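The two complexes that follow have subunit A in common; it is paired with subunit B in the first and with subunit C in the second.
Presenting the complex of A and B:
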């Protein structure tokens, strides 16, 4: 399991754990307004990754979610911290 | 002339603080990867800063990143993420010309790979060794300004920072080292963010010491420092007349600039231009 980001205001926390196929769970503080947009970003950035991907969005802007996803993905692929 | 009166530090691991940086009007914004980021968040922070540099509106502020110092295992990874998108790399604990050259070489490879122009460096002098070598460090072509910090220096000397009389000498040495190479000299931060009067006096003193700016920790400090660095009205008026006389002489093809029967020489003209820049007069 790897994770990136925090649960602070304006941030997002991404947790990736090993799995046989990709499964995405998005929990957004602003689900009604931005849930679909967050899900779209997660789907786009995690293509080809067989893992459980949990994104907890604390009202983060799109670039923040992308940054946290990239950090988590790179750790998942073995890049050292 | 590029002004660097204020450089505002923003923690590089806090997206909420980073997203509004362009609103504060600081001359320079420093996304910090060093002291404000815990070791466990260094990896996430440098990626967040890379995205911030590409997505956040910095307004008219120059984009800086303070990387981790060359004696840590983090600085190369920091450079790899930020160099393609930053204006200035701020390097803590620089101790020699060779330190700057080592960083410059790594930056050169990244710049070449990404096809970007040469990025500037502002070293921070924080140790006695760095201070001893400050005049050499200022000579490096990438160095556009020199900053300093007193914590390590006073710890090395074993004296409390607030009572360290030697810091005025350190300040003078930084100004001389930077200015003798035509670079800017930048004073350290005033850490009491509630003391507005104290900050104004501190910034005024920095200005008269020969510094071009000071570090700030809170957006509220920006306007106070800019006010402290604003020249007096009389100096602005005199400077305008000198620059106008110089422009008139140039138009008329005259080699000598005269104002009210007095000859204006080059250093006087340069000072007048600098006064107008600090007064934000075009």
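Presenting the complex of A and C:
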């Protein structure tokens, strides 16, 4: 399991755990306003990663979510090597 | 349904009562005479003390379908609304219209009374759980929201008739003289409760500090109060007072305050000017910076209208302002000053900004600094709903301060977390763009195009000036376009302009 980010307001926490196929769970404080947008970003950034991907969004801007995802993905790949 | 002057479709009937669509500020003249309360016979006894709420509710003859009112000076520390409503519920009285000035998260116990038949509707500000329940359609009838002055107008015009006013009184004597500056639950002025005391058919003071006759000072006088009920505690001081209010430490919020200060300096700052103070983080910073600048320049203000805090009291004590008008005290410094300082004056809410009167304090204001949840490219402001459509806040004095002040500044961040604050269209119109002059964000300011005089006065200033459309586009670039709120066609609340016309409605939100 790897993680990146925090549960501070305006941030996002990403947790990636080993699995046979990709499964994405997004929990967003702004579900009603940006739920679809967050899911689209996660979907796009995690192509080809077979793992459980949990994103807890505390109202982060898109580039914050992207940065947290990238950090988590790098850690995840580092563990695999 | 007719379309009103801010382009919103609004009903002409709410809860069986006729309302006109908003036509613009000061565009709908008043009709009729001031409404009155019941005449009553002087009591036989020298004491109006009644030992329990149940007994007093029987004495005033509260029945199914009647209207009860409350003031919100005890804010989130208030015990009175819950204890009165719980007594009403236990006595089996149904279909009550609750008419508070404002309700807070502490009043969550009323949520279950929306569905058990005790309450048919609430007409007043709802902050927190009650607003949420209303948004989900749990209130049987339609909520009606008014500004502070709009509520006064509604009572004076007879639009709302109060059967029984329950008035939380931090100090009372047995014959019904009341004040808010003494006692364990001191809150400062009793300004919000005054119109209720004058216009309700029956008036009940509830106190935890009964003093010998005559109480002094007196905010609400004995001839308006029918009964006095002593209880253990009317509130929790930690919720009544906001504690030590702190100026924002956020660099972007401080930047907003500095830009606002620059606008005030270039447009309105002169000896004898006046301004409206508030208790929000940015507003406190503006007040503090303004005081510093006035000291440096040797400028004195004629009056500050509060929302009184320590920062305002400091300015009074330093001689930077001649008079403080007080409708609401936010901290103990404000309460103490109201009690001790002769030029710190408690003002009845009817004097604040009622458009159907001979003129309120807001009409004498040079500068008003206000906040907002959203602002749109027509300068319309929303303070009631969140961008997902949820009704979560009251109007406060926003409408009348905006309408009355010669210079109305709205201070907002361009976006909060990921939610754009400057938008194409506000979710709900609380205050129309016609009374908003300058919008100040951390990225720069936008001036309402109809105020060329302000644009002229700001020539050569360091503050970046944009078209509001550019600020909106910038916010959308940073945040991305949010999804539309998921609402139904059911109207759960009406937002009235201060003159009683309908400026917007709030729709039921899908769970």
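The definition used in the following text is that the second predicted complex is superposed on the first by the 78 of 81 C-alpha atoms of A that agree within 3 Å, B and C clash if a C-alpha of one lies under 4 Å from a C-alpha of the other, contacts with A are read in each partner's own complex, and residues count from 1 in each chain.
Basically, a residue touches a chain if its C-beta (ideal position, glycine included) is under 8 Å from a C-beta of that chain, and two chains touch if they have at least 3 such contacts.
Remember, predicted model here, so these are calculated numbers, not experimental data.
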Go through the superposed model and pick first if A:34 touches only subunit B, second if only subunit C, both, or neither. second
Counting only touches as set out at the top, which of subunit B and subunit C does A:61 meet: first, second, both, neither? both
According to the stated criteria, A:71 is in contact with first (subunit B), second (subunit C), both, or neither; which is it? first
Which of subunit B and subunit C A:10 touches, first, second, both or neither: both
Subunit A contact check, subunit B vs subunit C, more residues touched by chain B
Subunit A residues contacting subunit B in one complex and subunit C in the other 9-10, 60-61
Show me the residue ranges of subunit C that touch subunit A in the complex, using the header's touch definition. 387-389, 416-419, 478-480, 482-483, 485-486
Partner subunit C, residues of subunit A touching it in the complex: 9-10, 29-30, 32-37, 58-62
Using the touch rule from the top, collect the residues of subunit B that touch subunit A in their complex. 13-16, 19, 40, 42-44, 47-48, 50-52, 54-56
In the complex formed with subunit B, which residues of subunit A make contact? 4-6, 8-11, 60-61, 63-64, 66-68, 70-71, 74-75, 79, 81
